[in-house]
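The following pair of complexes shares a single chain, chain A, combined with chain B in the former and chain C in the latter.
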Partner chain A sequence: MSDFRAAYINELYKISKKKKITVTIILSVLAVILTGIVVYAINRFAGIRITGYSEFPTLALSVFSYTLIPLFTAFVCIDMFSSEFVEQTIKITLTGPASRFKVFTAKVLAAATFIAANLLFVMLITLIVSLFINGIPTDLFKIILSYIFEFFPIFVFALMIILICNITKGTVSAFMISILVFLLLNGLGIVFSAYKSFLFTSAFDWYKLFLGSYINFHKIFRVFVILCGYGIMLFGISNYLFDKKEL
Partner chain B sequence: MKLSKKMTALCACVVGVALLTTSAFADVLIGSGYYNLKNAAKTTAAKLTNETDNFTIDIAATVKVDDKAIVESTGQTKCDVKNQATEESFKTVDNGKTEDGYTYSDKEESISRDGNTGVYYIYKKTNTGKDSVIENPFNVKGADDVEKIIDAFVGSLQDTVQVEETDGKKMYTGNLSDAQIPPLVNAISSYALKYGILDKNRSEDMGIPYPETNIYVLGASGKAIEGKDGIIESVIGSASASGTDENGAAHTYSVEFSVSITDINNTTVAKPDLEGEDVEYSTSGFELSEKYVGKYKNDIVKQEDNSFVKCGERIFEITSVENGVMAGKYYEVYNNGYQPNTKREFEFSTKVTKGDYFNSFTYTENGEEKTGIIEESGKQNLMVSLDIEMNDDGGYRTKDSSKNFDETFIRVFE
Partner chain C sequence: MDKAIMIENLSKTYKNNRGIHDINLEVNSGEIFGFLGPNGAGKTTAMKIMTGLMKPDKGDVKINGYSITESYEKAMKNVGCIIESVMLHQYLSGFENMKLRARYFDVSDSRIDECLEITGMLKFKNEKTKNYSLGMRQRLGLSMAILSDPQILILDEPLNGLDVEGMVEIRNLILKLSRETGTTFFISSHLIHDVELTCNKIGILYEGKLLNIDSTDNILKNYSSLENYYLSEVDSNV
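Here is the complex of A and B:
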């Protein structure tokens, strides 16, 4: 177990040293502040409260869950897999005492940690910005719940990128394909809206299922099982490909 | 036994796919309440327009500000699908003032009564039988695309529609509250409320506070009941928004409505008895008749430096209209000093072809056969366009796009 912990800490350390983390932090703060200014300005000049009755953090989540958060997740996952293979730094990791399976799991866990941290960070700054727009949020519990549940579809998305990274050779191709697949899945969800339950991207706004006065637990359970199914499948295939991948 | 790596991967894949597909299939099969409701609406529209002979729709709506009713309106529409006729009546109480109206319409004519004066207006349709009176709204061109756009908008809100089944009847209920309303929907509806439904003048007229700032949708709820035959029998719904007026006081604006479909195959649509009533006739479109015989003119005007100068007059004269044949002439008279090189002038005696809103005729000018258009302008005046080209869709377009020719001709009463 100690070698797994070492591998996990090693991955986290590598992520934290990346310049992309600083960029993520700065961009997130800027995007949140910009959204805040837009929301404030529209109310000031057009008299319309864009956030409605809901809170600014939930509004921000509905925007960022389709834009910044998947984008940063893609960057980090591609860095952890494709870049290391391209730069051959993966050799250093793999020559350590941890088995390939443990290295793979450590990497996936590190990606999950990054997503959770990113969501937590966005939630905190939106909460601070919302103090200036709508005052103190009244329903903090629902806001926290929304951010927690948003973790799951984004994590499945991360697993999909990891799979793409293990199929493709370069970082650019991995990135382009990830973006294409993301857009394609969202597009398919719109065109074949009756069958969109099959696409995990349609679960990107599933936290809204918790926000209403009527909560459809059956539906939430089904979506959760769908996400689990995707998770197990993608993890299994990616792990196999990672194991077979030649240095 | 230790599984090989390949087997583990395969197992993970199989388990994952199994979980995913069963759950997703279940999800698609169960469908969201929203999809069921949408299908019910489609079935209702299709059955009402194709399978039933007649039905009645009752509609009621109330607009409230801070729980005080401002406008109350009720309406009833009787549809006879078999004979393609409808009867509509409505009553509105707007700030204490009552207004009512009645319209009967079939393929040949439509009869409407002015609630204030009690006068009946009969409007004879000229394109009889072209448009059907009752149509399925889901079959209208472009309805598919609109449906897709709405689906995308509704997104995850689809699951807020609940379905309950009792005694073969289905009840759909939906409540949208607080945080659920998507920002875009909220923004568009708030914008519509502030600038479309209530503008500053209108809210002053109605004596209600105008929402200046902080406008947002509070929530919406609805309930629909589907009968055993798959037809939605009744729908009730309400929506409310909040806004702050210029004094900083918050107000709630709400609208409530109900729709019910009753008397399927049990409705009679009857033409009103007009004996002893005030009646005024009118025809749709324009038909050139004898009353248009006369002289029409307008001024030929030129711009000189920064002022308009009259150079002369265009005269369009109709000498006779008989059995759809119009005779007359067009000529121009110029003032001294403004004589052009060629003066436009021709006579005609031609058959007039009736279009939807205009009549076309042919004339010969400089040995060339051309088409012209006559339309009514106001009551006694005419719009005359010369040298035009007919379009395939029944419209027309002028070949000369310069503004040199004024098309409005004023009737001259000697």
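Here is the complex of A and C:
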């Protein structure tokens, strides 16, 4: 267990030392502020009410869950897997005393930690921005719940990128294929809307199931099971490929 | 005598038909084994398999009695290694790179400094490794390898990129560790002179096949130099 702990701390340490984290923080703050200004301007000057002020954090989430959050997640996952194999720095980790399974799991857990921290950070900024717009949000519990549940589809997306990283050989190819797969899955969801619920990308806004006055627990459970299925499958295949990978 | 490393019928063939074929050898505890061969002979392939970076097509490697393919963690618990050139995280300093390995062994910062001092890298410990030369990277790699005070050191071309002074220092370090702590070494090199000066047992690998293994003393009894022995072995087996 101490090997796993060391591997996990190492992964977090490496993520924290990358310049991309600073860029993530700056871009997240700017994007939230910009969205806040646009919402405020439309509400105030155009007379169109696109959201109640208390809903700003969830409105921002609906924008960022398809843009910045998956993008930053992709960067971190590609750095952790593809970049380390391309630069051969993975040798430092793989010749250590931890088994490949432990190293792989530590990396996946570090990616999950990054996603959770990113969502928490975006939620806090949106809450602060919404304070400037119109005071304290009235439904704080639902906002927190939305961000917590958004973690699951983004985590499955991260596992998909990790799988792509373990198939491809370069960082650019991993990034391009990740974007293509993301667009393809979203496109398939639009074209074959009857089967949309089987695609994990359609669950990127599943937190909305909690926001209405009627909560469909059956549907929430079904989506959760589909996400779990994707998660287990992607983790299993990626771990197999990671284990077989030679340097 | 305890067997520190046992290689049994080890084979690995690449798509271009190169690789290693049926390698068998044993290294006893405390020995300094030199794995001698020209570039492309298969030294790095064998060492990658020994450290779990590659899977063999056939055969196995046992380190301290544990199979590298079946009990990786137990096998690698007391092993330090350098495989090919040392690749470091360039956005981290030398010390931070060391810290990544130190966490696995619960090693203190003072031990990191001690290892950096041994390899002459202490004064560069806070510099980002992107500014390091090949020789500095190699020295840091050695510091990382000895950090946990391992019983076995597997070093693939450890003198790569080092100047003459550096080569002598590292050679002396190997001899000192072997003498004082009984560390077992498995060193690959194509530098015959350095192998002759450092190793007490030598195996010659040529075109993926292990031609012969003998002690340095025996070899030098029968040949004027290791170079002559090497050429004679290669000639008689080609």
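Quick note on the criterion: the second predicted complex is superposed on the first by the 244 of 247 C-alpha atoms of A that agree within 3 Å, B and C clash if a C-alpha of one lies under 4 Å from a C-alpha of the other, contacts with A are read in each partner's own complex, and residues count from 1 in each chain.
The rule is short, and it goes like this: contacts are C-beta pairs under 8 Å (C-beta built on N, C-alpha and C of every residue); 3 or more make two chains touch, one makes a residue touch a chain.
Since the structure is predicted, the reported quantities are computational estimates derived from the model, not experimental observations.
Visitor: Is A:F198 touching the first partner chain B, the second partner chain C, both, or neither of them?
Guide: In the superposition, A:F198 contacts chain B only.
Visitor: If you stack the two complexes on chain A, which partner ends up touching A:D3: first (chain B), second (chain C), both, or neither?
Guide: A:D3 sits against chain C, while chain B stays out of touch.
Visitor: Have a look at where A:P97 lands relative to chain B and chain C in the superposition and call it first, second, both or neither.
Guide: second
Visitor: Once the two structures are superposed, pull the chain A residues common to the chain B and chain C interfaces.
Guide: Common to the two interfaces on chain A: nothing.
Visitor: Would you mind writing out the residues of chain A in touch with chain B in their complex?
Guide: Against chain B, chain A makes touches at 42-44, 46-55, 58-59, 62-63, 139, 142, 190-191, 193-195, 197-198, 202, 205-206, 208-209, 211-214, 216, 218-219, 222-223, 225-226, 228-237, 239-240, 243.
Visitor: Across the complex, what residues on chain C touch chain A?
Guide: Residues of chain C touching chain A: 48, 51-55, 72-73, 76-77, 81, 83-84, 87-92, 96-97, 99-101, 103-106, 144.
Visitor: For the complex, which residues does chain A have touching chain C?
Guide: Chain A reaches chain C through residues 2-3, 6-7, 9-10, 13-14, 17-19, 87-89, 91-100, 244, 246-247.
Visitor: Which stretch or stretches of chain B touch chain A in the complex?
Guide: Contacts found on chain B: 5-6, 8-13, 15-24, 26-28, 30-32, 35, 148, 151-152, 155-157, 159-160, 162, 175-183, 186-187, 190-191, 194, 211-219, 242-243.
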